[in-house]
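These are the structures in question, set out in turn.
One chain, chain A, appears in both complexes that follow, with chain B as partner in the first and chain C in the second.
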Partner chain A sequence: MSKRIDVHHVTRVEGHGNIVVEVADSQLKECRFDVVETPRFFEAMLRGRPYTEASHITSRICGICATGHATTSLRASEKALGIQPSQQTVLLRKLSFHGEILDSHILHVYMLVAPDFLGVGSVIPLASSHPEVVLRALRMKKLSGDMCAIVTGRHTHPIAMTVGGFTHFPKRAELESLRQRLEEVRADVDATVELFASLPWPQFERDTEYISLTKPDEYAFIDGEIKSSDGVKLPIESYQKVTNEYLVPHSSAKFTRFQRESYMVGALARFNNNFDQLHPRAKAAAVALGMKPKVTNTYLNSGAQVVEIVHCVEDAILIINQLLEMGVNPEELVPPTRQSGDGVGACEVPRGILFHHYWIGEDGNLTGANCIIPTNQNIANLEADMRVLVPQIMHKPIDAMRLDLEMMVRAYDPCISCSVHVAKLVTR
Partner chain B sequence: MTQNHKPKIAFFDFSSCEGCQLTVVDSLQDHPELLGVVEIVQFREAMTEKGEDYLVAFVEGSCTRQSDEERLKQIRQQAAIVVALGTCAHLGGVNALKSLHPLQDVRQYVYGEKADWYETYDARPIDAVIPVDFAIPGCPIDRNEFINCVKALLLGKKPPIPDYPVCVECKLKENVCLFTLNKVCLGPVTRAGCGAICPTYGQSCEACRGFITNPNDSSMRNVLAEHGMNVEEVTSMYTMFTAYQVREKLMQAEKATGG
Partner chain C sequence: METGTLVIGIGNPLQGDDGLGACAIQMLANEVLPAGVQIEELGTPGWGLVNFLQGWQRVILIDAVCMGEEPGTLRRLEKDEIQLVASDPVRSLHEPGLAESLSLAQTLGLLPDEIVLYGVEPACIQPGGELSPAVRQAVTPLVKQILGELWKKTRTPNGSC
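Moving on, here comes the complex of A and B:
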């Protein structure tokens, strides 16, 4: 039995990647995920730019996780310059961050993943066959985008967030109306859990190392420590011990490995590492989806995203309550306490742990930058999954095999435009 | 386009964050009726179906390598109308910041000894490679402007892109001018159409939509200098999204003076 699968530019993913699988005489000969996106060289371009511009430039790495890149960038600059943002800033950032997680996860599970289960090529035919599903997805997505817009002006690319604070503040009435809409969207959230709990998720098990941020007192998205499911915790400043980047010829993205041959980041890693800190309604959603940590079915990364949709809606309501109780007031930006230095920012963006490391010179311009993107950290793990998956599915007709492989790629929710500008660390 | 057939449109992406295509998806949230009047035949980020017969091509992203030129030329050959979607396609955008450094240095900084594995050249707007009929400016594009442009194209009209500065829209919003708050802004020389969204949220206009046809450049630079910016800072501000244009202008000036 010999088969060759060559999917040029996998669709319904962000950016350009190819699947290449070759089976000859029932033996797996070749199994690759090629990142063929054009290299973008963000780290090199950041050199010589003022630190105040860095978050505006790096949000342009990715339209889907623009707020995640901007937040991580701000944290890197703030750590470099010894800036401690106010409680209000921290809460407002969390709120817009939740908006982005929701926006990205809703886009992924409804518009990129669901069509595979319903046997169609995109969300467009669903608009006539399942209008209630599409309208629900659009309603939820609009709310997520509005959540970002109220805080930062827009989701892609956020405006009002800057080093040391915000340049615009949401009004009380805006927050109240947002809270009301979030409370009303619970019915849609429940219907989402019900829909995805009813889907026939492909069977696949492969234990791997799961890596995410973790915090003592909350389900971590911004700051914290690096946690491995194999039982190690490290400060985020030690990120290079975890990421160990290396290059391979078939990919313009860099690969990473920590304690095993590969590791996984993203919603499933967060779910596995920080399950206890999920909101009770999110835990209930996990039960409905049949998910209990540690989950080792990669396809269920999308299930973990559904769980996080529930968590972020509930947590956003709690954050708004807190903001309304405190009252949101215009604040001056917190100034730097030193003129230069280096700092590492780390956030759990929709697709997993993201690091920005900046070196800032006396003149306020960046002298060096390193960004390590979640999708890069996942590619070695994706290929390891594909190597286990192919022998299990090689008896299937080639179209079915191709679909299984594409669904595996989509389960990672790869963000390939993001993945292609990872710097080998060179300082100064 | 005949009366009984919906015009076929396609979306393509080159070097970009794909945020403009995402904004297209977002604008459909508010205008789902658009899907009833056009047929999308290609949109890789959102759909698997792929048609090669299209009338209008929306192209996001800059051209950053020789091997992408062929794909752009094929799109030009097929489409009756090519629209540059967003700043990267329209102006080169942040991708062109690369050209402020020697190319070999940029490649080595990111990929070290393996620099030669990855093909790249100076980022350029797509009209540096193929003729472009219209551009929808912005990083990202503005949802309403996109919808208005599509409506105009459906009616056989030229998309209504303003050629007056951002200040006009900022004044209409009754914003306090950032210069009076001791901040700086490129609003006076930048093409409007965004609703002055950045100044509205307290941040400088960074000229992501490019400059108006006849900007008063020297006055703009003087005002920035009066607000304490040195030449380096002004250059930095001027090149965030328009490094390609600024460089082209310098090269033309050099040519004109025989330098």
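Moving on, here comes the complex of A and C:
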């Protein structure tokens, strides 16, 4: 039996990646996920630019994780310059961050994952066969975008967030109306859980190392410590001990490994590492989805995203309550306590842990930057999953194998456009 | 019946000439616009574009479009032509492209009555924050033409047409 699967440009992921699998005489000969996008030189673009511009530049890396990149960027600059943001700033950032997590997860589970389960090739036929499903997704997506816009001044590419605070503040009436809409969206959230709990998730088990941020008092999205499911915690500043980036010839993205041959980041890693801190309604959603940590079925990364949708809606309501209780008032930006230095920001963006490390010179310009993106960190793990998956599915017709592999890639919700930052492509 | 016009700039300003949409919207922000006209710079909205199309009588999109013309060439494309340009994966720069977002909107009955795309042929879609000279030169006439279109169908502030 010999089969070769060569999926050029896997669809329904952000960016361009290829699956290459070759089976000969029932033996796996080749199994790769090639990242073929042109490298993007964001770190080089940051050098020589004022730190106040860095969040606006990096927010343009991605149309999906714009708030995630901006927040991580702000935290890197703030740590470099010894700035401690106010409680109000922290809460507003959390609120817009939840908006983006919701936006991205809704997009992924409904537009990119659901078509596989519902037997349609993409979201457009889904809109014909199940219009109510797509309209629900768009409704929820609109609310999450509006959440970002109310706090950060626009839907994507936040404009009002800056180093040391905000330049625009949501009005009480806006927050009250947002809270009401979040309460009303619970019906859509429940329907989402019900839909995804009814889907036949593919069977697959492979234990790996799960890496995420963690915090003592909340389900971590911004700041905290790095946690491995294998039982190590490290400060954010030691990120390079975790990522250990290395190059492989077939990918223009860097690979990473920590204590095993690969590790996984993203919703499933957060779910496994920080399950106890999820909102009770999110925990109930996990029960409905049949998920209990530690979940080692990679396909259920999308299930963990559904759980996080529930968590973020509920937690956003709690944050708004807190903001309304305190009253949101215009604040001056917190000034730097030193003029230069280096700092590491880390956030759990939709696809996993993101690091920005900046070096800021006396003139306020960046002298260096290192951005390590979640998709990079997952590629080695994806290949390891594929090596286990292929022998289990190699008896299937080639189209069915291809679909299983594509679904595996999509489970990671990869954002390949962001992940590529090394000018090293091998052609043959 | 829906009213009003939304002008949307699309594209990534970190990718050279793909920053055209953002640049044009910045210029429009400094102009006097007729009542009922809003402008929005959306970056790379993907499927999110669908949500912005709802509730407007007319939507004008601005984007860098590979049309096989000389760099800097400006074209005004109407509904049918947009579908043609955008459904070609080589020509559409964003994923999901305009084609997918527009056909999703169409399937769901959310497409505005009037939709127009102002496309400018890019010279360079590479990492870098600057527009190429050819595209930079096209921005002023582009903004002028859009302003002309906006004012043509809308009553002027003093009440005459």
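Here is the rule we use: the second predicted complex is superposed on the first by the 420 of 428 C-alpha atoms of A that agree within 3 Å, B and C clash if a C-alpha of one lies under 4 Å from a C-alpha of the other, contacts with A are read in each partner's own complex, and residues count from 1 in each chain.
Everything that follows uses one rule, which is that a residue touches a chain if its C-beta (ideal position, glycine included) is under 8 Å from a C-beta of that chain, and two chains touch if they have at least 3 such contacts.
None of the values given here were measured: they were computed from a predicted structure.
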Clash-or-fit label for the pair chain B, chain C on chain A: clash
First (chain B), second (chain C), both or neither touched by A:G153: first
Which partner reaches more residues of chain A (counting touched residues only), chain B or chain C: B
Partner chain in contact with A:L278 - chain B first, chain C second, else both or neither: neither
Contacts of A:L178 with chain B and chain C, given as first, second, both or neither: neither
Touched partner set for A:M45, first chain B, second chain C, both or neither: both
Which of chain B and chain C A:A127 touches, first, second, both or neither: both
Partner chain(s) touched by A:V310 [first = chain B, second = chain C, both, neither]: neither
Set intersection of chain A contacts, chain C complex versus chain B complex: 14-15, 38, 40-41, 45, 57, 60-64, 66, 107, 111, 122-124, 127, 138, 141-142, 145, 154-157
Chain A residues touching chain B - in the complex, by the definition given at the top: 9, 11-15, 38-41, 43-45, 47-50, 53, 56-57, 60-64, 66, 107, 111-112, 115, 121-124, 127, 138, 141-142, 145, 152-157, 159-160, 162, 166-168, 247, 249, 252, 417, 421-424, 426
Residues of chain A that touch chain C when the two form their complex: 14-15, 38, 40-42, 45, 57, 60-64, 66, 103, 107, 111, 122-124, 127-128, 131, 134-135, 138, 141-142, 145, 154-157
Complex contacts: residues of chain B adjacent to chain A: 14-23, 25-26, 28-30, 32, 35, 40, 43-50, 64-65, 68, 93-95, 97-98, 100-101, 105-107, 109-112, 114, 117-118, 120, 139-140, 197-198, 200-203, 206, 233, 236, 240
Partner chain A, residues of chain C touching it in the complex: 12-14, 41-48, 50-51, 94-95, 100, 103-104, 107-108, 126-129
